[in-house]
Every structure is written in structure tokens, then in C-alpha cells.
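Labels run A, B, C and D following the written order; every chain starts at residue 1.
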Amino acid sequence: MPELSPAAERRDRPAEPATRFVYLGPEGTFSEQALRTLPAGERGIRTPARSVPEALDAVRAGEADAALVPLESSIGGAVGVTLDELATGDPLTIAREVVLPVEFVLAAGDPIPLESVRTVAAHPQAALQCRRWLAGHLPDATVVDAPSNGAAAASAASGGADAAVCAPTAPPRHRLTVLADKIADHPDAVTRFALVTRPAPATEPTGDDLTSLAVYIAHDRVGALLSVLMELAVRGVNLTRIESRPTGERLGRYVFFLDCAGHVAEARVGEALRGLRRICADVRFLGSYPRHRLLGGDGDGADAPVPAPPGLSDPDYADAVAWLARVRDGALS
Amino acid sequence: MPELSPAAERRDRPAEPATRFVYLGPEGTFSEQALRTLPAGERGIRTPARSVPEALDAVRAGEADAALVPLESSIGGAVGVTLDELATGDPLTIAREVVLPVEFVLAAGDPIPLESVRTVAAHPQAALQCRRWLAGHLPDATVVDAPSNGAAAASAASGGADAAVCAPTAPPRHRLTVLADKIADHPDAVTRFALVTRPAPATEPTGDDLTSLAVYIAHDRVGALLSVLMELAVRGVNLTRIESRPTGERLGRYVFFLDCAGHVAEARVGEALRGLRRICADVRFLGSYPRHRLLGGDGDGADAPVPAPPGLSDPDYADAVAWLARVRDGALS
Amino acid sequence: MPELSPAAERRDRPAEPATRFVYLGPEGTFSEQALRTLPAGERGIRTPARSVPEALDAVRAGEADAALVPLESSIGGAVGVTLDELATGDPLTIAREVVLPVEFVLAAGDPIPLESVRTVAAHPQAALQCRRWLAGHLPDATVVDAPSNGAAAASAASGGADAAVCAPTAPPRHRLTVLADKIADHPDAVTRFALVTRPAPATEPTGDDLTSLAVYIAHDRVGALLSVLMELAVRGVNLTRIESRPTGERLGRYVFFLDCAGHVAEARVGEALRGLRRICADVRFLGSYPRHRLLGGDGDGADAPVPAPPGLSDPDYADAVAWLARVRDGALS
Amino acid sequence: MPELSPAAERRDRPAEPATRFVYLGPEGTFSEQALRTLPAGERGIRTPARSVPEALDAVRAGEADAALVPLESSIGGAVGVTLDELATGDPLTIAREVVLPVEFVLAAGDPIPLESVRTVAAHPQAALQCRRWLAGHLPDATVVDAPSNGAAAASAASGGADAAVCAPTAPPRHRLTVLADKIADHPDAVTRFALVTRPAPATEPTGDDLTSLAVYIAHDRVGALLSVLMELAVRGVNLTRIESRPTGERLGRYVFFLDCAGHVAEARVGEALRGLRRICADVRFLGSYPRHRLLGGDGDGADAPVPAPPGLSDPDYADAVAWLARVRDGALS
């Protein structure tokens, strides 16, 4: 699936069948917007899905080549349904991540004053991200749950609600008037999306990659999570994110979603993965892919790619392998 | 607030003003059901709140003595809004936990056959917990989001939907007919609720308590989460739950919600808390309270109370304190 | 050097050149006694050396096939000169260990009463191991340092001292009379010896082996020793002994001599060694060899061979390697 | 015993009884030299002891106020007998450390050429420290063991040996001629001595102190040494030295001598000590005392005093104690 790799985009290639994408619909969602930031996504066939499970099942069934679904937002946290779907069922792989700044507008069918807005259609996540703005500017309006940002816009267009919280791309599509823009409470808020495919070899390491895992700890072992983190730490593998999700069996049984800095092709990540495989009840590899960095950034360097710590680069691993081979051969000098 | 402690319930006491409770409403929610499992909740004044923030703010403002809100479910995971509300704003304390088996029924205004159900009103969490049953028995029905289980029942009663996924307590209240019961996918599924009050000294240790914390790790320290777990492990404090939530600042900034076995009044928990206070960007103590064990249990012993490991009981701590005092006095023999 | 392996001793083989052994002399030392417990040592050519460095240099120079030298005693601790010699200079390998119960006798040229013993010749280690006996039975006698147990016996024979602390094998050889036997303070005291050869592949794993290492930690890293122990612990490799020796450069610079349970041919030991190689300033492999267990033992089980912990056996390692290969190939299902 | 504290030396005080010191004799040893670097040692009564046990027993019996004994050398390592004596018997305390550069000279009764030296009297430690010089300059001479450096000099004076390896202070005392000076192999070699008293409160913290411990690990716990190091690491207590000594019971049973940066009066050292007390079979506190830094140093900064890590200073501990008290009182805001 070369279309999906960032490297492929840079090469001139002869025509080939357009890639078939699904995304969490309906049209006008941030997922569609994220998909279109990818050249292959802009060129390919884009079909909306009604839910994350529907999108991922289309990929599993071969009806689509890749699905673009939300993974987490800096406000609402992990998108549980996406994580749950990735952790169970036929294996899937995250081929790329896309990080998108979160921007919301308040839009209505007509240019009405804010004072006359009594009902606002909004996806619960969107309402959450604009909570302070709504409380400050529309303290008396009722927020009506909408199943998606696109549906919220449609609701405002059809008169189902006086106004809608939606993406900046929605008003032109639905012929809405923007009553207020940049209404998200956190100006730096972002949402992170995953482009998910059937299992395939990971793209080449770029030197600034992430590796995602779903880890089922052995729940009857005291300190099992500590052991998991030690397996990573001893190999110098940095954890950039950890999410716990219940396994559904009973309270206190979790699967942990880990994002680690590094690529499965790198020796230290490989050894850490082997270690997790040995000590965990189960480990599901969810993909190694280039880290998506937003242009501009915030200049504090916290997100700069972290080189392998001393002694933990691929050459260090190769040296240790060669040394052990000599030791085992009795050739120590 | 002696009414809220389990010990108080066992004593005969003269009349005193009824405790004012709020719960996540509307009437008929699992939160109301959980509240009524408490004798004080059954006796007291119970007022529904429209949202978790509204319920907790009523406690903060002194308009209620305690709020009963959902904390996590064994299927859907943490209830993000509750965690977020506990981690910010004026401090609150978890005085008790209530664990309730999750049971759902499918109910309708009339005793119609399943085949004729086209639309089902359901709270998204409820729909998630009955997902397999719905897919198997109502494959063609459309699930319509309802803002609460109570609202779903009301929607079926008013004809807004053909049927509703709701709690077993809802049909009598809304004059609905139960079309199918025990429709939750996991028969052992439970939801965990918290009874939240303004800060107050914790109830006495019972020997089987939990302590809840919100921990902000120092994000610029490599291995900060590992350090947090080591502070606990070195004092023999077992982690029973860990949830990550974004702080909202940016991706990769988390607050961790930890539940530990033990009580803040115990020496090893106290020392671990002091350690966290020193190394973390911030720690918020959310309460020590008796662990709620469901009768019957599942007999595998995994949930039995774990005594303090050798060398980590309160007498061991007291011995070490006395020994160090002798050492510092130069009285070693 | 097949003569030196325990397996070889059990096979019938045609005549081959006798193995040339050196041992820490002079004749009559415990080193000679330890060498003669080995069938190959009993059959081979045995030459005493005046010092441990002389013995080991004879092996390095090819003048001897193997050297039998003391490694540590349960009373006096590590034999520093042996460790220092193994850690520096041309590499050598420990091919076997021999553990010998420590027994001392007090012997004299004539059968004199204890009261008339005024001077006792003793090697300082021997005097240390019989300290309480000497203080109790010969409180007024002066202990004269002898450079070896054999020399002590010779001194008593020549009249240089009234009596000698020596091995039970010495009196017949020096025509001495035993005045008292079993005079060592600890009846279970043992000395551990190493049979040292030029580098050669280790003998086959027996399931109950030890691996010896000399590890130079990176002295400018805080917690460097902790890191070393973590590399072992994460792979389930048990440390059975740790000795620190100064490197001679300055105070606070150490080389650590580690004995680990397991064999270099085992996957978990191999991976731990590679980890040490990466994080340490230097690692010198000193050999993998069968653990020597004294018959009888003390029955408390503490010394029983420890099987690899769950998840850390060779098959577990092989499974993890195969799994990672599938992951890297994109073949996850 | 105010005479022994560094602060006391700086004050003018009225006459008081002279302090009675013992040191590892005979006269002319490095121990005597070390004692005389202390003003109180120069002023006080100095009595040589024939052995380290004799010196320490004199203190235990009240016959002396303090004993000056060798602790370790940068070449020969720990002085086992001193460690063993400190770890057993009635408790003693290290009140000060003294670090002395090691310097050796070759001296003889007459100014003879090196070529005519056939026998050299030397204490084994001294011979070890001058090993390369002796091998290079006196390759054919026989080294004769002497029980002390003073005895070696006496042997050369009496004609028992052609020459002696001894301290630079010995020749004038024994009317010897120096044949060669600075013959130690390592020009930066030092020996570290301890001034040992009966138990007494430690001197005031200076901000650059060491704390010495003897730690008996619970030998039947896997990873017991790792646990010990974790107790220190979690409190940010740096280990500057670790020595293992056999307990004498059997192979594999050790007592560890630890030197940590910091003073028992500091909160983080105190908490770490309490932690060790809880998890170890036994802990013996051996003293907190100012670190002795040689003037000049080697300028690489490795020995500079290390301030408490962030979050681990005394004020940080005090803050955490106060915070926990508020938490336990239910006063969280």
C-alpha cells in the first residue's frame, strides 16, 4: 500500500488504482479534514462511515484500503471506541498519524444575534471543548447532543437547532452563517487521528517515529505495570503516552495503550517489545509510523525528536551482539 | 458528616437534619439506584442534577451535602467528566464508593415483537454495553442517542423511539413493557460510583480501603511515570487502577488518576503520598474510603484484601521510626 | 581442553598427553587439595606456584593448561589478588569451580601439651578462621604470620614455631603431631576455588550453572550500580554474589565481580550480558561453569538450582524472537 | 567527646583531660601518620595497638576514647578486618574519616646500590601497591612478608632484610637511608582511615557528609540487593561505595558496607535508613561524618559535593510532611 507512506508521496509514479479511504463521517467532520491533509487522501476515493467500528470493519473486510479515525484529543482524551476496536478483532495497523488543530465555530442558518440562540446542536466532545465559551456567551442556551459535528451543522441548517458548534469547513457546505469563530476554550487544542490499514510492514524508520502497542498485563502479578515500564526503561525506550481501558471482564482488568518513541525496526524497540511479549498476558503491536509534528510548534523543545540515549543506538546493539558472539565462541581477547 | 460513614449507619442516633444528596439524574438513573443502596441515601433528601458538573458544584456551593456520581464502568471505562471535575476546581473528597452490577432491559410503551422495533433510544454508554445483544437481536434497528438512561425510557414512553435501553427500575416508573431483560453483553459488568463531599477527614481505616489520587507528573522528566510507580512500590503500596486523562494543555500532558490499596492514615500510604508530593508537579488527594465488595464475588480471590507486605505494616513503620530516633541520639546498642 | 569439563571425566578415552596444572603452592595447601578432587587433577601433572599471579601467568604463557587458585572463603571473603588478576591482563576463563570444606588442625613437631605452646605459625586467613579457638585455647600464644598454610607447617617442623595452624593433609607430609583438630570457628566454613584456563568456549549448560563477570561501572553516572542490577533483574537473572574491588585509580572507582545463576549460552543470560555491555564502561566475561554443590548440603533448599522464572526460559525467548519477526514482517495475525 | 569534632578544633577551650587515642601500630604506620593530621590527635595521648581488633576493643572497653584504623585503600580495597569488627560486637561509630596520600620509600640500613638488594621486607599491602616498581627495579629480590610497615622498617634496621618498603616517616625513626622514594605504582593512591568512638550523636551536618552502614540483606529474597539500592535511589540518596563481606555463616551470605552521600540528620537519609531497617535482615548504622577532601584534588569535579536532587531537600521533606498532615485533617484547600 505504497500510497500511504509519506515517502511515496514524494515520488512521481505512473497512474495506479485510486486508494479507497473510509473516514468517520458524515462529510464535514474533522476526520474528513484530517484525511484531506494527506496527498493520497486528497487524490483517493473518500467514503464516510457512520461509526468508527464501521470504518475499521470496512478495512478488515477489504472494502477499503485505509480508514481515517480519531484517536485522541488534547481535551477529551482518548477516543475509547477507536482504542477498543484496535485492541480486539482482526489485527489492524496504524500506518500514519495526523494531528489537526481543533477549531470550532458557532454557525446558524441566518445571521441572528447571539441573544436569540436558544438551542445549540453540538457533538458532546465539541461541546466539551467549547464549554467555557458556551457558558460565557450562551449561558441560557440548551445544548442538544448531535452524533457528529457534521450532523450538528445539518441540524442548524434544517432548523432542528438555532445554531451549531461545527468545524470551520462546515458552514460553506451547509450554507450556514458563522456567528462566532475560534470558540474552542484551548487555542492550542489538537486532535490526533490514525490512518489504519490491514497489517503491513511498517514504513521505514525516519529517526522520529512512534510505536503504538496494546498491552494486557498479567493482572494477578503485583507490580505488573511497573514491570512493563521497566522493560521499556531498561532499553531506553521513552513512553510518550499511556491510556488505560477496561477489558470489559470486570473492574480492575485493563488493557494499556502505549505510545513509545522509536520504530519497531530499531534494535532497542525490538528488544523492549520482545520483553513485553514475555512478561505480559498479551501484547498487540499497533504500528510504527512517523511522528506528525505541527508546523510552528510551540518552541519549547519538549517535542523535539529524542535521540537514542548513550549506549542504546542501533550500532550499540550491534556491538553488543557481536561481543556476545565472541564471548560464546571463547574468543574474548 | 457522620451520616456518610458506614459506621454511623449501624448506630442508633437521635433525629438530625436529613442529609441533602444530589445525584446524576434524571430520576431512574443508575446513580439514583446507587444512592439508594446507602441507608443514608435512602433516608435523605435526593435531588437529581442535570450533569456531573452541576452535581459537584452543588456540593461545592454548600447546596448539597454529598453527590453521587458515576466514576467508571467495567465496560466503558472511566467517566471522564467526573475525573476532570474532581481534578480541578475547589477540592472535593470521595467519602465512599458504591459498585453496582450493570443490568439493562429493552422496554417499550407496548408489548410489541422485537421485529417491529425500528428505533431504540439509548445512552451511548448503555448502547456500548449492550452492543452485541443489539447487533444480534435488532440488527436493522437504528440506535438513537439519549442523554441519559432515564431520558431513553422517557423517549420510549412518549413515542420518540420504538423502544429504549434502560435500567430495570425504569419501566415501572415510565409504564413501559419489558421486551427483553439481561441484555448487557457482560453479565458481570459493574459500574462504580463515588459519593463526593466537601473535604473532611477520611473515615477510619477498615483494613480494606482504597485511596484515590490525581497525580500531575513532571512532563519534562524522562521516566516520570516510572518514578511515580516506584514511589508506591518501594512502600509496598499496590496500585489497583490507573487512568490517564489529558490536562487539556496539549497532547502528551496527562493527569493520572490512581487508586491504591490502603488508607491515608496508614504509615506506608502516608509515606508514599509524601514521596509523590515531592516528585510530582502536583498531587491531589481524592479520598480514602472502604472498598466496596459485591456480595457473592467470583471466588477467585483476586479481590481479597491484601495485607501489608512483610516489613510494611504500621508496627514496622513505627519500629523504624523509633530505631532512627535512637540512631540519631547516638544510642545504638 | 576436554579434560577439564565434568562431562569428559565420565567418558572412557584413549591416552592423551597429561594435562599440566599449576596451583597456589606450596605443597599441602588447600589449593592442591582442591585440585586433587578433580579426576583430571589427580591424573595430571601438578606444579605448585609461589603466588596467584605466578600461577595465572603460567597459564597465560602456555606453560600450564590450567591453574587452580582460591577465589573466596566464607570467612575471609574474596581473595583480592585472584580477582584483580582475572580482571586485568590477558583474558582468562573460569572453567570450573571447586568448593572445599575448610578444616584446620593445630599441629606440632612433638606431642606437647597446649599449655606449652608459645608461638603459633599461621597464614593470616587461617588465623582469622580459627580466631575464636585460638583466643579460647591459646590466649597467651603469639601468632606468627606464615605466607601459606604449607609454610606454617614447615615452620612447626623446623622449630621456627612451637605449633602451626594447617590443613589436615599437612601433618603426615611434615611428620607433625596433631594437637587439636576441627579448630575452625565455623564448622560449615568453605573455600571456593577456580580452575582457570585460557579463553575457550564454555562447557555445555547443565541447568545449574554460574556465570562470572567483572563489570566496570561508568562512575560518573548516578545510580550506575542500580542500572547494572536492573539489567539483570529485568531478564530474571539472579545475582548470587557481588564483590567490589577498587580499580586502583582513586577512591570510589570500583570494578564489581558478579556471579549470576545461569549460563552464557542461555538466552536470558545472553541478553543481560549484552545489556551490561551497552551500559557499562567495560565488562569482562570470566566464564560459565557448573555450580559445585557440596554433598550433604544443609537441606534448607536455599541453594537449590533455581529454574528460569515464568516467561524467561529459552523457549520463551525463542517465542518472543519469532513473534517480533512476524511483527516486523507485517504478519500479525 | 567534643575533641573529635572538626568544629571543636577551631574554638579556644580551657584545658581538659587529653584525649586517649589508640591506632594500628606499631609506631611509624600510616595509621599513626593519619592520627597526627588531626589537631586533637597531635595533642592527645597516642598508643599503638597490635591489631585492629585490639584497637577497637580498647575503645569498647573504655580504655581509649577513640581508635584510628585503616578502612580501605585505593589499591588493596577494603580492610576486611576493620569492616568485620565494625559490623559485629558492641556498636561503634565512625566519628571522622581521614584520607591520606599513599607514599612509599625503599630504605636500607646503609646506602647500598639497588643491585645488591636481595631481600625486601614489606607488608603485603605495601608490596602490592609497589608491585610494578619492585618488578621493574628489583626483579630478582625476594619480598619477605612483614606484619606492618613499621615492622618492615625495623627488619631492615636489624639486618633481617637488606631493605624495606616503608612510609617516608620511618627512615628517620629507624636511622635508615632512603634508596628510592615515591615507589608506589599509582601516584594518586590514597588510604582512608576511620576515627572510631563509642556510640555518640553524630557531628552536625556540614552539607558534605557521608553516612556509613552495614546492611545484612534478607538472603532468601530474590533481588534483595536491588531492593536496598531502590530504597536509596527513591529518596535520592547517592551510594559512593559498596563493599561486600561474607558473614561467615556460609558462601553466599553477605553483609554490605555502604557509604552514602548525606547525613543521618537529613530527612532523605533518615527516610532511606528507615526503609532499609524495614526490608533488611539487619542494619547497623556506622556513623555520619564530614567527607574528607584532599587539598588540590584532581579538578575533575567528580568529587564535588552533590546537592540534594530537586524535591529531596530538607525543606521539600518538611513541605510534604506538612501537606500530608493537612490531607489527613481533611483540610485540602
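Throughout what follows, contacts are C-beta pairs under 8 Å (C-beta built on N, C-alpha and C of every residue); 3 or more make two chains touch, one makes a residue touch a chain.
Everything numeric in this text was worked out from a predicted model, so none of it was measured.
Separation of chain B from chain C in touch steps, taking the shortest path, is 2. Taking each chain's centre as the average of its CA atoms, chain A and chain C sit 57 Å apart. Averaged C-alpha coordinates put the centre of chain A at 28 Å from the centre of chain B.
Work out the mean CA point of chain A and of chain D, and you get 59 Å between them.
For chain A, the set of residues that touch two or more other chains comprises 230. Of all possible chain pairings, those that touch are A-B, A-C, B-D, C-D. Of all residues in chain A, those touching chain C in their complex are 90-91, 93, 199-202, 230-231, 234, 264-265, 270-271, 273-275, 277-279, 284-285, 311-312, 316-317, 319-321, 323-324, 327-333.
Per the touch definition, chain D reaches chain C in the complex via residues 72-78, 80-81, 99, 128, 145, 147, 185-186, 188-190, 192, 219-220, 222-223, 225-226, 229-230, 233, 238-246, 248-254, 298, 302-303.
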